[in-house]
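One structure coming up, written as structure tokens, with questions to follow.
Chain naming follows the written order as A, B and C, and within any one chain the residues start at number 1.
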Amino acid sequence: MAQARIDPKIRRQVLTIQVLTPVVLIILWEFIARSGLLYEGVVPTTLEVVRAFWSEISSPALYHHYGITLMELFGGFIVATITGVVVGIALGSRPFASRVADPFLSSLATTPKIIFLPVVMLMFGIGPESKVALGALAGFFPIALSTMAGTLGVRPVLVNVGKVLNLSRWQMLTKIYLPSLVGPIIRGMRLGLGVTVIAILLGEIKLSNAGLGFLAIEYYNSFHIANMYSILIIIFLTALIINAAMSYISQRFDRS
Amino acid sequence: MKRQLCRYVITPVVAAMLSLSAVAQEIDEVSVAIGQRGLWDTLVVHQGIEEGIFAEENLSVDMTWTKGGAETLQAVTTQSVDMGFVNGMLGVLGAYQRGAPVRIVGAEMTGSNDLFWYVNGDSDLESLADAEGATVGYSRPGASTHLVLLNLLAEAGVDAETVSAGGISDNRTQVMSGQLDVGWSVPPFNLDLVAAGDLRIIAKGSDIPELAEQTVRANISNTTFLTERRDVAKRFMRAYMKTVDWMYDNKDEAIERFAEFNDIELEIAKEAAEFYPKEALLSVPVKGLDKTIREAMEHDALREPLSQEQIDELLDYVYDPR
Amino acid sequence: MSMTPAEHRSKAFLAFIWSPTTAALLVLLLLGLALEGLLASGLADRSIVAAPSEMLQSLGRLFARDELGISFLITLAQALSATLMAMLIGLPFGYALFRYELLGRAYRGWLAAMFAAPLVLLYPLFLVVIGRNYGTTITMGVMTGMIPIALYTCEALHKVSPTLLKVGAAFNLTVKQRFRLIQVPAAVPDTFTGIRLGLIYALVNIIGIEFLIDFGGLGRVVSTMFFRYDIPGMYAAIFFIILISLLFLTILKRVERWLRPV
């Protein structure tokens, strides 16, 4: 969506607010950390967090855990995307089937996927496979729902043109449906990636020996709170980068 | 003649001997899941690996740490791993009764010497006898922390408010911030704060001698592993028991490794190791099963008592040195 | 020719028989029967998946002995409290984002980014600060629920048709009157969408955290069943949570449809 031109004065004022806000929050944080209002250590000072952050990013061990989380994320998201798109198109191209499936998909979509971790663990074990499976399960639903809605919304005139031209099923898929579905699929992928990240990290927190989620909870359990905060910062920065990347892809390819 | 002797006799004989020794030295891989990383009793396998005791039995061990009994149990029953260590007895009994393909290959912890309860350094409570109406934490209903606490409170004759306060770090935070009066822990956790005076121990599992006669955690394996690779299981448990012997015969070295693993001071590690008498870590026999079964029924882990036949089936000591 | 009441009833009955709802229930039944068959034949492993019949029996047991009903009420109470608090913060904040252009420009993008951020991962932070109690679960619910409420409230107020405002001005309504009589009613449907999302996010996150920290209501029940190796009980608890999600979704969608102008 194109942004309207903003008055430079307003732009400067907005920027000032955006710069001042984190500064105010950090000052508030420092006050709480040094005030003794809370038990010492639960809110470390900014300096302690910065030191812990530096120590983490200088440690090779972090990158091992980071790599595992990224691998689980990549694996889970790929599986979610492929299965979500296939199921979405299959259901969306049959309106009755989509109406049958919609309550299942919608209610499962709103169920917290972390409660499926024991089920996934029973099926896939305690290694990264269970986290990949959990991530795939979480990401599947928004992608399938969005693709299904998009397929249902494919202009009937395009479908009819395909039928008139006697296109095969494969040709219908690749020349009629898929080009129309780029937007919905990307939107679904964007939502799906977000929930996949959450599911995988929560899975690592609850049951794993590696990954950023595991690191965060290990630091919590051993009461290295500043290190825990630094891992959370790394996780949120990663989520920001991923979101920004999906935003870019969305703006580039989603014509709607 | 000499050349022919070499070619046709000596060389083949040497080659045969070499290949025989290669077969004899074939290493068997065993995957294990262990709950509660970093405790003196949960580090037995790690100690054995580092000391080469498992290698002596031609075993290569692949270790996975879990958060606790439930995950370890699931990993074993679904054959994600061959053996599981540090499983709560109630969970194992319940799983067995529900048809899980699991067997107890030995006791992991007998008695509750490892558990202790503490208060904030400036608390008025000197012992559990003072804890009338106070909030006292345990991990979760039916866990060993819960059962031992109930015994301790009954012994002290006190009506305290028992609270499912979660894990060690949850308890520590709640005690330090005043949300909980008494929290639970196991060594080496929180001993540094005890040493610094920030926390004070007011009760220990060892305060009730009778508890020393009850196995609270077990080591398990799945039936497939025990059927198809029984010899490997036997060698593993032999190595496990040898490691326990080694740890107490070479305590200083074992403590050093324990301290290094947890990145704690040697003095704290020594103090932590004192909580664990050797008798607590002996694998055979599993003790106090009758009492455990009663407790399992009370806490809905078992629907009905196990018969003697079932007990005999469940207990499968693959290696019994007695 | 108009239909008789009997013909109406017959037609409605046939419509129900051939409806997607019936088909969905039939599919569920067939899947259940297939699973029973696979388990009975030994092709599926009972230590991994529970038979639907055992699961339904366990559901009864969970209600009778494991206080599933009370756990549901605990979770519901947390979700409703969290949503109420989220509304108390989110509605005025959303209005402020609309009313003050600078605030809106500065924070709307950030809020949208936070909407997509894994805020639930902050729960260890709240565990440490607030403790392992309802304060943490409700705070997480408030945090995740407040964002869609604020965003949608701001969006809803922005979307009010300028024509309606001009009509108000033509009737000499004051600014406050235009806000109260035109903007607020016009913004209700979209604002309610935000409240619906806020409630769902709060509920989902609360159940998730209950499972993770093994405390509270429905999520704790799943965790307890897992701890006890009660596989049918665990599946029963998960199934119940899915049913609750479906129920909430249906009720909220109906309310939203009722609030939207035709």
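The rule is short, and it goes like this: contacts are C-beta pairs under 8 Å (C-beta built on N, C-alpha and C of every residue); 3 or more make two chains touch, one makes a residue touch a chain.
Everything quoted here is computed from the prediction, not taken from an experiment.
Colleague: Report which of A-B and B-C is connected by more C-beta pairs in contact.
Modeller: By the number of C-beta pairs in contact, the winner is B-C.
Colleague: Name the chain whose C-alpha centroid is farthest from the C-alpha centroid of chain A.
Modeller: B
Colleague: If you average the Cα atoms of each chain, whose average lands nearest the overall Cα average?
Modeller: Nearest to the common C-alpha centre lies chain A.
Colleague: Roughly how far is chain A from chain C, centre to centre by C-alpha average, rounded to an integer in Å?
Modeller: So the centre of chain A lies 19 Å away from the centre of chain C.
Colleague: I'd like the Å distance between the centres of chain A and chain B, where a centre is the mean of that chain's Cα atoms.
Modeller: Here the centre of chain B sits 38 Å away from the centre of chain A.
Colleague: Taking the mean of the CA coordinates per chain, how far is chain B from chain C in Å?
Modeller: 42
Colleague: Hunt down the residues of chain B that sit against at least two other chains at once, touch-wise.
Modeller: 74, 78, 173, 177
Colleague: Got the chain C residues that touch at least 2 other chains?
Modeller: Counting only residues that touch two or more other chains, chain C contributes 47-48, 127-128, 226, 231.
Colleague: Can you pull out the residues of chain A that are in contact with at least two other chains?
Modeller: 38, 42, 118, 122-123, 206, 220, in rising order.
Colleague: Per the contact definition, I'd like the list of chain C residues that touch chain B in the complex.
Modeller: Of all residues in chain C, those touching chain B are 46-48, 65-66, 127-128, 131-133, 213-215, 224, 226-231.
Colleague: Where on chain B does chain A make contact in their complex?
Modeller: Contacts found on chain B: 33, 64-67, 71, 74-75, 78, 80-81, 167-169, 172-173, 176-178.
Colleague: Touching residues of chain A toward chain B in the complex: what are they?
Modeller: 38-39, 42, 118, 121-123, 125-127, 206-207, 209, 220-223
Colleague: Give the list of chain A residues in touch with chain C in this complex.
Modeller: 6, 10, 13-14, 17-18, 21, 38, 42-43, 96, 99-104, 106-108, 110-112, 114-119, 122-123, 190, 194, 197-198, 201-202, 205-206, 213, 216-217, 220, 225, 228-229, 232, 235-236, 239-240, 243
Colleague: Name, in rising order, each residue of chain B that touches chain C in their complex.
Modeller: Touch list, chain B to chain C: 69-70, 73-74, 77-78, 91, 94-95, 98-101, 140-142, 164-166, 170, 173-174, 177, 179, 300-301.
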